[in-house]
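Pasting the structures in now, so scroll down.
Two complexes, one shared chain (subunit A), two partners (subunit B, subunit C).
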Partner chain A sequence: MVDTALSNAGPDARPHPRGGLQRPLAAGWAHLRGRAGTGSLVPWLYLAPTLVLLAVFTYWPLIHTAYLSLVEWNLNPGQPARFVGLDNYSRVAGSNLFQAALGNTLVYLAASIPLKVLLPIPIAVFLWSLGSKGHIYRAVLFLPTLISFVVVGVAVMWILNPIFGYAKQYAAMIGIRMPNLMADPDTAIWVIIVVSSWKVLGFNVLLYLAGLASINRDYIEAMRMDGAGDGTIFTRLIWPLLTPTLMFVLISTLIFTMQQVFTPIDLMTQGGPSNSTTNLFYMVYQYSFVTFDVGGGAAGTVMLFLLLMVMALVQLRLIDRRVQYKQ
Partner chain B sequence: MSATRLKRGVLGLALAFLATGTALAETEIAFYHYQTGGSYQVFRSILDEFEAANPDITVRDIFAQSEQITAEVQAALAAGRPVDIATVIGKNIVFFLNNTGAVDMVEASEGDTAWLDGYLPNFLDLGRVGDAVYAIPHAYGTPMLYYNKDIFTQAGLDPEAPPRTWAEFLAAGKTIAETTGLAGGAHLHAAMGDYGTMVMVNNAGATYLNAQGTKAEFDTPEGIAALQNWQDMATSGMMPIAGDSDWSAAFNAGQMGMYITSSAGLRGSVAAAEGKFELGVTNYPLFEDQPRRVSNSGAALMLYAPEGERREASMALLRFISQKEVANRWSRESGYMPLIQDPLSDPAMAAYVAEFPYVRPVIEQMADTIPTNVWPAKGTLEAQTEIRAMLDELWAGRRTAAEIVPETVARVNAALAVNN
Partner chain C sequence: MQLSRSWMVIGHVVLLLLCLSVLLPMVIVLSTAFKPMNEVYSSALLPSAPTLDNFGRLFASTAFGWYAWNTTATTVLRVLGQLAIGVLAAYAFARFAFRGRDAIFALVIGAMMIPQVLTMLPIYIMMAQLNWFDTWWALIIPNLATPIAVFLLRQHIMSFPSELLDAAQMDGAGHWTTLWRVVVPNLGPALAALTIIIFIDSWNEYFWPLLVTESPQSRTIQIGLREFLQEGMNDYGALMAGIIVASLPAIAMFLFFQRRVMDTFVSSGLKG
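Let's look at the complex of A and B:
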């Protein structure tokens, strides 16, 4: 039996592998291109869903936040916004809170490079070298990633509770007086850094393992036959070939670090003691949703956005050049 | 189809529309709240009772966490979603008064304001602006001194004579710490240290913030003395430096002798102590010869319903829950402090107090309650951050309150100057 549509389609028509007709479809697109006059309409049609979503949920809020940072307004539709220029920026930037938040943000970022970006590399290489025997270790390392940060935060608070925490009790058993880590401005931030590093370590190890899996082990055997040691193999082969993964881990970790520590800050310290654990994300939350200072929150958001943009650009410009994408 | 059948069909359709119209005539009001667990059950049962008495009104209760309720209500108002009655945290009331379209309940009462007369006048002060009332008390708490009678006995203290003053509190705490090795006691500080500091300095006779909330004024001898007392609690070793949740957990676990926290936690503490230790509850300590002045914690109700059926229905609900029997039931079953004057004149309440004597000091403290201080729209976060940092520095004990407090007040006022 002859398909009617096929039989009516003309001599050049042929069945498309997924059914239907290729020619009439192509003719339809050509017709669309013809109507557009420039031939550029089709790509835009493909891109439209993403562009619309980006415009509505990313760029419009960004533009509106920039606008809110320049006005004094309380979100009440019945009250007009008053243009205040850069007043919100100067007020926020001049506060002790902002200065502490900015400084702490840099500490969180700086600490995350060795703990979250570099430390997983030797662990991943070790697990990779174990082959299939390393699967159980992978699972153990990845487990913290699956646990909710709220659960982790509560557990750590119980362990470090200065009155009856496990840490205090075990320290007392060996004759040590456990310092109150969460009450000391010099140590509280490190508790959060260690907890967040522990939480993300397994995930980054997994990413590096995925990167290592793409390295052909024959190269290693070849290098060994040429007399190369482990150090040489790592520096000359593994490290260069791992740089694309490293680049991804670095950028994503630095950006997510700022968001990731929000939960432990809110749960464990609320930014204290003496602003020693707050960061820019938490500060923006406090401006916007604790004290409802919309202008201050928007100004903080714009400054945070600029910081993230500069970070991403610097990373792309300086580090991307050293990335080895080809094996 | 015959003409008769057609007519019957049209008549049937008309009746169906009429029935639908009747259903649509029911008024639905949106009530934002943060009640959970047992508190929610009694809250909802009161709403159900109101609906049963007013079958043409439906109350939709909309929940948000207590930390998020203000933001949720603000977002709903900004988005134009229906908000008829909103639970608003005490310290945010002035912000809502100045920045949202809250309705004056006196005006909305259209001359019949007798329902407001039942509330304790000092409880209404929080939402009062001149003759207008924009907020009525709902989920109020007052700070109480909870203590562990077993630890008192263990420390050689009289469990039936709890501290009445701050000097006695400090002495008892030191004795407990020295003789038992347990934590002596603590005072909640709440978010940003704002509430704890406010209660301490107001109770000592100082003024935390001026009436507009635009100027801190606690750098007076009374205010400094109150905060020096807090520093002494930390440096003497009786108060472990920690957060409210740590202190609360320690007290409920029987590891701390005394804890000053909201009466809203009374039921929780009683339940936690059961089988573990004998709980005592008494009034907030006096500061030297100053009368007791304790700021309320918790939340009030504000009215946003637009004029018309929703406003009428919302006012009917507010009148309903302001009845002494209903308000007292709400207090008894939720654990919040009573709101209506002379609660013990209600036989049900009197019977409840006889059965649950822990609540007696809470009732005694109703008359000592002053409105919680409110903050202005701008500079609040910076100012509260300074207060929180002040507490950390005080507890670290490197400088005295006399050195720290005036500097903090100056920084707080610099942050708040943007409102002047």
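Let's look at the complex of A and C:
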């Protein structure tokens, strides 16, 4: 099974622990094989594609963005970038768009706690109690995770279409005049919130089911024998044991929500009507690629980055605790 | 665990309603896609005479065929590249001890926390400078490194019995041979699961193709659908047909590998 052409060098080809580049080239590439020592170049060859790509397309752009946040530029290569210091930050922070985006971001986040984080818990507990019989429910609820948000968005726009959508026609049958939800600044954001919650529901249910799977069902039988009801079992046993999963779902959902709603915002409202649905992510896009205000977009990006880093640090701490808990 | 009777009833009712909220829109989309043109705006749930006309118009009178080709080709190329590059890095992290390994690993995993929105401006400028704007290159190259692939594959390689890999190397096989002859064949299930999620992720991608694609030579299905919607395409029958084509691969994979797809999504934390 081992390639003979490569293995004929035999055990002699084992590299010196400090082999690497010092070995004469006459030894060929043999020193690149076998168990490499600490100073070897070999692991770096395996890592090179990943590290180069991440450096060029993830880490360098972060630094470059920090620079762009200090200049005034409109993406036109013929136009030189003008250094303006921290002006972009004060300009963005003072803008109506930023204030609307920040406020809406808080609405998106606050609404996602009951809808995306808490609602899946009773559903998961119920499915867990069903055992394998609940599989069909699980499969159907998971479907929206797989479908792109463009597909979901187009379908929602079609169903809610103010002139001939299904929602309007069915509402008319029971005598209700369907309002144009997407055109009203008070309701458009809720359409996006409900649809994005619907889309992630099945996924979060699965996360809770994974957490519930670690609960020993014997405890429940024991509590039953002692006369405990459903309520007691939930508050005294399931809830405490589910808390680590809950914390994980909470933070990951909050971080995810900010990005998740980008697609429906862009597709269904483009931030409107009158900035009522835009969030910080979409605002950065609006600055950069709708008005081509590179400095403003970059300044918004840096502020968003700081916010996300804080959330990610909290998440990392929680994951550490979760792992320890599992062990 | 047995819930009391009343909770069972409530639970089933709620779940049936939720499942209905998933299935009803799908039925509406499906039926609209197969309705003849004069029925598209009627509220009937089923077409009187199902037809493929909508699909025909979709491919004949829009650039959707090109969009489907671009999405399929770039997704396949990208996924193959992602897997190969991910396997290499995962093997290095799992099988070598070298200075700075843990710090480098943290940098790779840390990249997962950085959403594309934060890096888009410089990459966009880079694409323009390289003349990659509106080409497949822009869709493929910036997305080839996949921290989640490195993370999952490294875990699997580390869980191999070390006798297996040591025996191969005792036989004189170098790392390169061990990797492709011993490690990769044993990674089958992990690679399959990973392929499913990164395929769906790439197929459904919205943000980046929105920025760098412009013409039928590079535009993807998702952005094509957006274009139809925002340019006020009034042919909703064709639009619904487009939705179905866009969803087919993910749904098909789900039907075939249901359990595995769900398990992998959960363990990777990718929410689609």
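In the analysis below, the second predicted complex is superposed on the first by the 239 of 327 C-alpha atoms of A that agree within 3 Å, B and C clash if a C-alpha of one lies under 4 Å from a C-alpha of the other, contacts with A are read in each partner's own complex, and residues count from 1 in each chain.
As a working rule, a residue touches a chain if its C-beta (ideal position, glycine included) is under 8 Å from a C-beta of that chain, and two chains touch if they have at least 3 such contacts.
What you see is a predicted model, and the numbers here were worked out from it, not measured in a lab.
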item	value
Partner chain in contact with A:P61 - subunit B first, subunit C second, else both or neither	second
Partner chain(s) touched by A:M157 [first = subunit B, second = subunit C, both, neither]	both
Which of subunit B and subunit C A:M182 touches, first, second, both or neither	first
Partner chain(s) touched by A:L75 [first = subunit B, second = subunit C, both, neither]	both
Which of subunit B and subunit C A:N275 touches, first, second, both or neither	first
Partner, of subunit C and subunit B, that touches more residues belonging to subunit A	C
Partner chain in contact with A:F289 - subunit B first, subunit C second, else both or neither	both
Which superposed partner A:N96 touches (first subunit B, second subunit C, both, neither)	first
Interface residues of subunit A shared between complexes with subunit B and subunit C	75, 77, 157-158, 164, 289
Interfacial residue positions of subunit A with respect to subunit C in the complex	1-3, 6-11, 13, 32-36, 38-40, 42-44, 46-47, 49-51, 53-54, 56-62, 64-65, 68, 75, 77, 122-123, 126-129, 137-151, 153-159, 164, 166, 169-170, 198-201, 203, 206-207, 210, 217, 220, 229-230, 233, 252, 256, 259-260, 262-263, 266-267, 281, 284-285, 288-289, 294, 297-298, 301, 304-305, 308-309, 312
Residue numbers on subunit C that touch subunit A, as the complex places them	1-4, 7, 11, 14-15, 18-19, 21-23, 25-26, 28-29, 32, 41, 43, 85-86, 88-89, 91-93, 96-99, 101, 104, 107-108, 111, 113-115, 117-126, 128, 141-145, 147, 150, 168-169, 171-177, 181-182, 200, 203-204, 206-207, 210-211, 222, 225-226, 229-230, 236, 239-240, 242-243, 246-247, 250-251, 253-254, 258, 261-262, 265-266, 269, 271-272
In the complex with subunit B, residue positions of subunit A that touch it	72, 74-79, 91, 95-97, 157-158, 161-164, 180, 182-183, 185, 269-275, 283, 286-287, 289-293, 295-296
Of all residues in subunit B, those that touch subunit A in their complex	68, 70-71, 74-75, 77-78, 80, 92, 95, 98-101, 183, 191-192, 240-243, 245-247, 249-250, 253, 255-256, 375, 377-382, 384-386, 388-389, 392-393, 395, 411, 415, 418
